[in-house]
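Chain IDs A, B, C and D follow the sequence of writing; residue 1 opens each chain.
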């Protein structure tokens, strides 16, 4: 299936087509979509905060995991990719109402394995909030 | 503040006292609480699922990050601990409606740094779903 | 091939049978060997030190990677396992001449993937020096 | 101390000035040195090989850890930086006699914490062999 074209239709808009209920909950707006890379924007909501009023590290981890997984669809393969691991470094904070941008990149796409990264930025992309890396494995599960 | 006693009051019940809005959204039931270790139970909800109907890796990451952070409060220190990094390995799946158990352990508590782990299990603790490790750093931010 | 029996013959002695030149350079003494777990002892040598006279983190990483890889042989499978990633947390130091003990454990052995850990301890196993985790993948390369 | 100028004197030559015995054993040739980034070249030696004749993952980890640590000296601070963790992804192989290039980059330099990466490439930098990331912490230990 041509997932990439489907995602591109939502550039500038909330991505409503996701087969993932959790991505729907995160409500990303698509900024860019190309083969091997996505850029999604989010608005930090009050239920995303930690005990001291900053964006919760768990939500950061969730966004990074979700955008990396979504990036696998930009290859227009119908095989589902499972995430083997995810390693995240936390660098800065975000506050309620802030726009934040998740930007993904594929480091290596092998026949079976993919290594991909996600950087989470503030709205102007001047300050890195977190960076995560995942190994993924192409399964025979069909997502079409 | 005696956070540990506060948490213990919720054993067998949903933890309603959290100062974290995101933890409230995750809605953990406290199973065990002691110095350096927590056990929280969750029920997998439909909005926690990924495109193929399994518990989303992002929610797994969020639960692991949240329970490790919460474990810092069991030391009854009022300093907020920031999470420097989180490394997660994904091992198995969970389905909508499943009960899952997050169990944390502190590997080392130094003067400034803490290394802690979280294992996410199925309800009977016979199958490991994921395992995560974080380095945390004790800040001067007061959470009292 | 019955690798496990071969390794067990070296309990209490330096392991001389390794097909790995780098393991030979590390010169481990076998303390324990069983299915899914190895315990190797090393003496910290002067060329293993960092700029401030402690055991170099790079040597720690090398020992952890090597012992985890060696642990795959205890399953007596002839397939070579490649290491996909390795995540290490550094907790304490060791000095020139110290004996240190690497102890490995398999967290999950799937059909294709293995998750394994290694703890590096001081001689009395009272102080954890470092802990590492790797995902490995069973290849079709035969090591017999 | 002006470490950066000292390192630059060795561009094109083996770095003989290291206060680290283990770096001396690794015998890097300095290709580039600037504030926050180093490029070191190595020749894969026979004692660096694994059981199937490829560059051992442990040596890869050691090189990544060592070059990231050395990069801290390019800031010309006399405080020793300890490495808190190191997360490595393995992507490709190298063979005996191959030249390989480690290239480091600082992602964030905070007041106390540094996040840095190292990519390990083949000689022509057309194929990524491994990539590692570390969190480091500036201590009060003086390395002058």
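One rule holds in what follows: a contact is a pair of C-beta atoms (placed from the backbone, for glycine too) under 8 Å apart; a residue touches a chain by one contact, two chains touch by 3 or more.
These figures come from a predicted structure and were not determined experimentally.
Chain pairs A-C and B-C differ in how many C-beta pairs are in contact, and the one with more is B-C.
Work out the mean CA point of subunit A and of subunit C, and you get 35 Å between them. Averaged C-alpha coordinates give centres for subunit C and subunit D that are 22 Å from one another. With centres defined as mean CA coordinates, subunit C is found 30 Å away from subunit B. Residue positions of subunit B touching 2 or more other chains: 84-85, 87, 89, 135. Arrangement of the chains shown, judged by which pairs touch: all-to-all, with no pair of chains left without contact.
The part of subunit B that touches subunit D in the complex is made up of residues 84-85, 87, 113, 135, 137. The touching residues of subunit C, counted against subunit D in their complex, run 18-26, 46-52, 56-59, 61-66, 69, 80, 82-90, 141, 143. If you check the complex, the residues on subunit B that touch subunit C are 87, 89, 91, 107-108, 115, 128, 131, 133, 135.
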